[in-house]
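Two complexes come next, and they have one chain in common, chain A, joined by chain B in the first and chain C in the second.
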Partner chain A sequence: MTIVVQTIISGVIAGTVYGLLGLGLSLCYKTTRVVNFAHGSIAMLGAYTAYSLDEHGASILAASVAGILTAAFASAAMELLVLWPLYRRSLISAILATFGVAIVVESIIQMTWGSVAKAPPALLSTRSLDLGVTLSENDLGTFGLAVAISAALIVGLQSTRIGRAMRGVAQDSHVVELLGVPSRRLYLLALALVGATAGVAGLLIGPSIGLAPDSGLGLTVYGFAAAVLGGLGSLHGAVVGGILIGVTHNVAAVYVTGTYADVVQYAAIGLVLLVRVRGLFGDELEAVRGV
Partner chain B sequence: MPGDRPALSRFIALALVGQVAVGLLSDSAVLTFDLAWVYAVAAIGLNVIFGLAGLVSIAQASVMALGAYSFTISLSHGLSTMSAVVMSAAIGALLSMGMGLLGSRLKTHYFILASLVFAEIVLLVINNAAGLTGGANGAPMIGDGLATALSTPSTFFRVGFVIVLLVAYCADALRCSRFGLAMSAVTMSEVTGVASGVSPRSCHLVATAVGGLFGSVAGAMLALLNGYVGPGDFGLGTAALLLVVVVVGGRGRNGSVIIAAIALTYLSHGLANFQGLGQLTYGVGLILLLIFAPDGIFGLASRVRSRRFNSPVPAEGEHT
Partner chain C sequence: MRHLRYRRPLFMAVLTVAIGLSATACGSSDGSATSEAPIKVAVAVPYSGAAGAYGEVTDQAFALALKKYGADVDGRPIKLIKVDTQCTPSVAAQAINRALGQKPLAVYAACAGDTLAMKSTLAARRIPLVTATLTPSVMSDQPTYIWDAQPSLSRVTDALAGYMRSKKGAKVGVITDTTAYGAAFGDSMVTSVKSATMSVTARATYDPAATDYSGQILRIKRADVDSLFVEGYSESVAKLVSQARSLGITAPIYASPDVYDNTAFKAGGAALDGVVFASPYVANDNAESTTFQSSWEAEHHAVPTFTEDVLYEGVAVLVRALHSAGASPTASTIGSALDGLQMDLPSGHFAFSPGHSRAAAPVYVGKVENGAATLISTVH
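And now, the complex of A and B:
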């Protein structure tokens, strides 16, 4: 019984981070229609920056903030330099370009930090608390932070003026522009937010998976699995999707097969794409338009 | 362009030139060209999927892996080289068509995700089914006399070049056929295509099957050339290289895709010495191309020419 509970709890904790990755991807898709393949690599860039600063003696808080800002900056720079010139072209160009950005970010990481994997320290203590299951302060912190940031973003986009404008731009940028909303700045802001969530996710997941230049795309895939399962474009869907993915992945790894546990993610995306493209919470109109 | 029938005589003349040209090249140049033939065949396959059917696949490198592994495994079970090639082509075409089945329901970003799923599953299975594939270490290609003869670089150059031309000819013939024109129509506007009685599903299935066939033949060629198959040859880097070849060559143009494959294979060999910097150049180059030359380098000239006659205002609904 303890093993079941343990498996599920670790799955939920990992899943909230996948959900955060998925939320960033969903937000990017929602506002710009672009499927962002550079998301995971930008998360890695943020985690590497924080790791470096930490090594050089900065406090863990300062290093983390710098890492998140770096990711936000990288994502905003991508919007400004790469996506903006491509919005009027076919969507395929923009998506391929994010692939190019992923390659660029990966090579920058490789040139700056080398190809040997790094093991960043956990943000909080990893000593297990006495709760009957193996659960550390760091696990609880990861869970809390991921959930808090996801919730803040969802509520923020739902109720603030900027959030409403952002959703408007996503639905019809022409009309919203006629109403006097600067869509240009909103795209930039959205992508900076997307980058910041990537940075947080990278910081949270870094200590458990380690930092390697080429693991960015793997993170993107985790994020996509969460986002597609929840319904691409649905923010709370991404969070729920992430938790589901985390739990099924862990359960499969423990009870079915260790080596093929990753296949569960891919099978989940494949199944959703086959059976219900709009995912769990995606809206119907979106599915008709997107598919 | 659609409608122009490819001239068979031109392909035969080129093939003959290739047979003579191999004698004039240095050994290392022959080897680079050999590799370029492999990527050209795979890229032409990708061009059928991407250029003709409009589906962006990042799984073409994995389709190559399927071809290479099924070729090697067939050989190790005592099949002759020819039947092993047929076997691997059939497996590659069938599995790629399975991906196309998803493509018949999905477009653009959703299909990219589907191809990503496909690619990751193929790589996972190759890395983990060590008994069959040799796992991360790969497996040697042990073939009969024909396979050994084909493995020598100069013979590979001759035969490989003929295969490249043959594949390009077939792809051109498909593009100019009634069915190819129907495919282009569906790609440009699915509604109009359906209204004209074309089934998008069959278009996507045929395109992914043909693309998969070419891709797995390319994989079998790579196994022959290297005398070895390993998962390292079929990763993200190769998938990106193939996409870059198609983008540089220009969607739908097979002649320029061959030239792009040669140029980029040379370039990536040169850049490989710089590791991270080479990769950086690749990524930046891809982005710049997408921004400034969306129809490929060879399409840039004609775009500049036609731009003078077009209004600078983008057409309605271009951002689909």
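And now, the complex of A and C:
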């Protein structure tokens, strides 16, 4: 019984991290219609920055804030220099360009920090708490942070003027501009927010997997799977999708197959999408088909 | 007509230059050249990608080996032609063709897949390739132009399984990553465990890009094993061990040699204490090992571990062979020099077997303690 409970809890914790990555991808899609394949690489850039500052004696809080700001800045710079000139062309051009950005970011990381993997410290204690199942402060912190960020973004996009304007720009930027909303700034702000979520994800994931220049695209794949399962563009869907992926993977690994758990996990995602092509919480069928 | 009249002398001049250049190139096709011409060696290793660290360490290893054994042979400098293989066979096959354009006399490779991808190209040109890999498939058909400076994987897994058995192990869990090397390591470990009259009661694999290993670990826990073996990149092994401990695995943990690594020590911290591993090298008190440790630390400000030693030993073997291949080495004389090579390395005395694998190499069993490795025993 303990192993069953532990399998599910560990899956939820792991899935929360995938969900956090998916959240950024969904936010980017919701506001710009671009599937951002540079998301994981930007997350790694933030984590590397925080690692460097920590190594040079900065406090963990200051290093973390700097890491998140770096990721936000990198994402905003991508919007300014790469995506904005491409918005008027086909969407595919912008999506492919994000692949290019991912490669550039990886190269910058490799040139700056080298190829040898780094091992950043965890943000919180990894010692198990006495709760009947194995759970650490770091696990609870990861879960809490992911839920808090998701909630803040969902509420922010639904209830604030800026949030509503962002969604409006994504629907039809020309109409929104006629109403006096500066779409240029909103795109920039949206991508900065996307980068900040990537930065947070990088800080949480870095201590789990170590930092390597090429880790980014792998993280994007996990985040993309979470976002698509939850429904691309749905913020709460991305978090739920990530958690479902984590739990499915763990149940498959423990009770079905130790060597093909990934296959079972992706087969399950495929099955869900066959039945519900827009994902669990997606509400924009045409947009999903467009991608 | 007018155009032709003006073009003919130009055409003849170009033809003359081209013939002259090709004659020069043909004259040095075996790589032996004028007395000051550099001796070219292609270094086909990953400088980017998941294994990009190997390229960085290989460069450091060449710097140290050239300093120790000499950076020129009878006044001819040894020139390295570096190409990035990304540890991806398709990329390696293209990279070696680029390098061959510069007519190297020998090739150094780090990844097993790269070596296999370059094998037929180099055999066709009779160029020797030196590598340092534990992967058995590289030497399985005893290739004529490949020399492997490391013992086979089965020697490492046999040594570790023997140690497990001596500690009353009977039911073993095996976790490896999904790379080709991980699969080969897992298969070899399973064979060694069975040979040592134990059984593998649970086996699991993980994606190297994964952020969590709890599913694989809980599967092992459910099987109630009395020994756990884990394999993977250094940081993955460290994180696997940490997570296994935090999820309540109390059985002794054994690991691939990748755990003997500074990144692993830092990532795993105290959780790695007590982890036992078998490796072609563990720092010991022989003179070469002591010198290697101090020289590497002085040059690179870090204690060398498994990866540094394995790559350094392959490089040192090649550099020594270049020096032993005569005043005007050719691909053929370098091959002969490799066949007859006898030298001392940090891991012990070195020579190649007739099949071009490392002959009679010792394997070391070590234990991680306080962010360092201590030698438990040597298996000859």
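In this section, the second predicted complex is superposed on the first by the 271 of 291 C-alpha atoms of A that agree within 3 Å, B and C clash if a C-alpha of one lies under 4 Å from a C-alpha of the other, contacts with A are read in each partner's own complex, and residues count from 1 in each chain.
We adopt the following convention: a contact is a pair of C-beta atoms (placed from the backbone, for glycine too) under 8 Å apart; a residue touches a chain by one contact, two chains touch by 3 or more.
These figures come from a predicted structure and were not determined experimentally.
In the superposition on chain A, A:Q110 contacts both chain B and chain C. Contacts of A:V221 after superposition on the shared chain: both chain B and chain C are touched.
In the superposition on chain A, contact is made by A:Y266 with chain B only, not with chain C. By the touch criterion defined above, A:A43 lies against neither chain B nor chain C after alignment on the C-alpha atoms of chain A. Within the superposed three-chain model, A:N250 lies in touch with chain C and out of touch with chain B [touch as defined at top].
In the superposition on chain A, contact is made by A:G100 with chain B only, not with chain C. In the superposition on chain A, A:A66 makes contact with neither chain B nor chain C. When the shared chain is aligned, no partner comes close enough to touch A:A74: not chain B, not chain C.
Applying the stated touch rule to the two superposed structures, the overlap between the chain B and chain C interfaces on chain A comprises residues 106-107, 110, 214, 221, 259, 262.
Residue ranges on chain C touching chain A, taken from their complex, read 47-50, 52-57, 178, 202-205, 207-212, 214-216, 218-219, 221-222, 233-236, 238-239, 242, 246-248, 263, 266-267.
Across the complex, chain B meets chain A through its residues 54, 56, 58, 102, 105-110, 112-114, 116-117, 120-121, 124, 128, 236, 240, 243, 247, 275-277, 279-280, 282-284, 286-287, 290-291, 294, 314, 318-320. Those residues of chain A that touch chain B in the complex are listed here as 29, 33, 35, 82, 85-93, 95-97, 99-104, 106-108, 110-111, 214, 217, 221, 224, 228, 232, 259-260, 262-263, 266-267, 269-270, 273-274, 277, 290-291. Those residues of chain A whose C-beta lies close enough to touch chain C in the complex are 3, 6-7, 10-11, 13-14, 17-18, 106-107, 110, 114-119, 126-128, 134, 136, 205, 208-210, 212-215, 218-219, 221-222, 246, 249-254, 258-259, 261-262.
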